[in-house]
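Here chain A shows up in two complexes: once beside chain B, once beside chain C.
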Partner chain A sequence: MPNPFAINTQTQDDITTIAIEGYLDAHTAPQFERAIEDEIGAGRLRIVVDCRSLTYISSAGLGVFMSFIEEVREQGGDIKVAALQPKVESVFEVLGFAEIFDISTDAGAAVARFGDAGTAQHGEN
Partner chain B sequence: MTAIERRFTLHVPSSTENLAMIREFVSYVGGQAGMDAARIGKLELAVDEACANVIEHAYGHDLSKEVTIRATFDAETLRIDVEDTGQGFDPSAIPQEELDEMIAKRRTGGLGMRIMKMVMDKVWYEIEPGSKNELHMEMRIRKG
Partner chain C sequence: MQAERERLVAEFGVARLAQRRMLPDSPPRIPGYEIAAVCRPAREVGGDLYDFLRLPDERIGIVVADVSGKGVPAALYMTLTKGLLASVSETETDPHRILAEVNRHLYEVCRRKVFVTLILGVLDPATKTLHLARAGHNPTVWRQARADDVKGLRAPGLGLGLDKGTLFDRTLKIETVNLEAGDAVLFYSDGITEAMNSEREEYGDERLMQIVRQTDGMSAAGTEEVILTDVYEFLGDESPQDDITLVVLRVA
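Coming up: the complex of A and B.
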């Protein structure tokens, strides 16, 4: 049984966009974790996770977001979330992640929020 | 549950690679039971969480072990039983912290159980240490 999951990371103007695609579950979450770790390790702390092609997320995927957000914000960065599909968005909402994470309707809007909102504001569309 | 029931069973090796297959199975059964897409999505998520816990914690990724998922439904209720023979645990020992508190402590454990309890109508455990662990969950087929 395939577990379609793909990650595409691009950095422009000091902001890294990590586009994730397919299923983010306990099997694929370690790949996503490594991708975020690589960015933090390289000192790139302004991160947008583009979820427009993410079709499924479980707590393992949410746990990756959770485990890095404090560290990144403490160092002046942020992990912003963009383009959640309704099924994925409902999982974010079940756990109250919408209160914790800065979620935008698309990746461009999330990138722009680094410019106008910095890291202090979150939880708004 | 009434007397007329339909029962489906899946046995899979204990690997997270099989979570996608488990979700397919649950999705199929939910469809057979007449659930709408939103409820099937919740069911898939809850069963994924239950099985991921078994694979990672009860069996410690031991591929020689097997996870059993039984789905039973009648006209009103769909029940899922997830069975393993791995290391049991005390469900009441898992801390129920607020999300921001967990983030501050960089803790992510217990999220799966939290999801199961939020999306299913009933969740309960039967743990027999060293013998068998069973997680039972129920969801009404339709809203209301």
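Coming up: the complex of A and C.
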């Protein structure tokens, strides 16, 4: 019985928000992986992962976060994490992910932090 | 088809046995201390590990580790981790440096998608001190019998194989515990705290910290039995979904 999982990607200005919901485990991790690959492939390297509706994350899911962060940062971008539920947040913290990822309380705050970084190409339409 | 299936079943049997043999035959005997250890894989082979390291300065390293993922791939990385620990601890005595070295090697082969959480406790039997290095692993539970207190110890530290080295080294902080007579220390994997019953409720840290209060005065083996019984009673008809590993250190 597959656990529910959904993913929704939206790009505004030059920041992409990937909202993931439900169970991120070995079965659903490949979908999340593809979504990030698509963004990187298209040159969109400012990514916010909105975890507001993410109820469970397994090691396979955590692996996806890790597998892109270095590449994205090397190219001047970032993967920021937003709105972790307490259960998921404690998994992040025990593993030390809080030391690696820039984690915000909500997606809006995470988007704003790309501005704080003071990069030149701040998207203004 | 039938023959192929039988062959696979037989091969898994061999793998299971090989993995079981990788666990220490018995915990080390240390005057003034008792150690009990158990590892029960949820499948034929697992990604959990416990081990004891005799360091060059005669201190004892107690290790519990959990490789991300399950089944055969996790089992292979578990074997690698055990080998790395054995090799590094032949010459190195400092828990920080032991883990930094293991991390460096794991990072090179893990391709970032696989990682290992590990707790290393270095026990100095003479001074009754325990130095804990936590690489992203669950908190260590410390039962202080005389003070009637239970603590979950979680010094900062990243999982192994996630970072090349700089961040790992900077994050890892060693926590030192001064043990007293009657204390118990639990090293375990999340197969215990995340054991889930039919109501989808987890066993959790709180239950573990409560049950260990009831083990004062017991042997390490007795303590282990009380805890495992409590976990399996909690599971009821559900089978464990993850490997269950527990090492109990009891101060006489």
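Note that the second predicted complex is superposed on the first by the 116 of 125 C-alpha atoms of A that agree within 3 Å, B and C clash if a C-alpha of one lies under 4 Å from a C-alpha of the other, contacts with A are read in each partner's own complex, and residues count from 1 in each chain.
The working rule: a contact is a pair of C-beta atoms (placed from the backbone, for glycine too) under 8 Å apart; a residue touches a chain by one contact, two chains touch by 3 or more.
All values derive from a computational prediction rather than experimental measurement.
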item: Three-chain arrangement built on chain A, chain B and chain C clash or fit; value: clash
item: Which of chain B and chain C A:S53 touches, first, second, both or neither; value: neither
item: First (chain B), second (chain C), both or neither touched by A:G63; value: both
item: Touching partner for A:G96 - first (chain B), second (chain C), both, neither; value: both
item: First, second, both or neither for A:T9, with chain B first and chain C second; value: neither
item: Which superposed partner A:A26 touches (first chain B, second chain C, both, neither); value: both
item: In the superposition, chain B vs chain C on chain A residues touched; value: B
item: Contacts on chain A seen with chain B and repeated with chain C across the two complexes; value: 26, 59-60, 62-63, 66-67, 70, 94-96, 99-100
item: List of chain C residues in touch with chain A within their complex; value: 68-70, 111-115, 117, 135-139, 154, 156-159, 162-163, 167, 171
item: Contact set on chain B toward chain A in their complex; value: 15-21, 23-24, 38, 41, 44-45, 48-49, 52, 55-56, 99-100, 102-104, 106, 108, 111-112, 114-115, 118-119
item: In the complex with chain B, residue positions of chain A that touch it; value: 1-3, 23, 25-27, 56, 58-60, 62-63, 66-67, 69-71, 87, 90-91, 94-97, 99-100
item: For the chain A and chain C complex, residues of the former touching the latter; value: 26, 59-60, 62-64, 66-67, 70, 94-96, 99-100
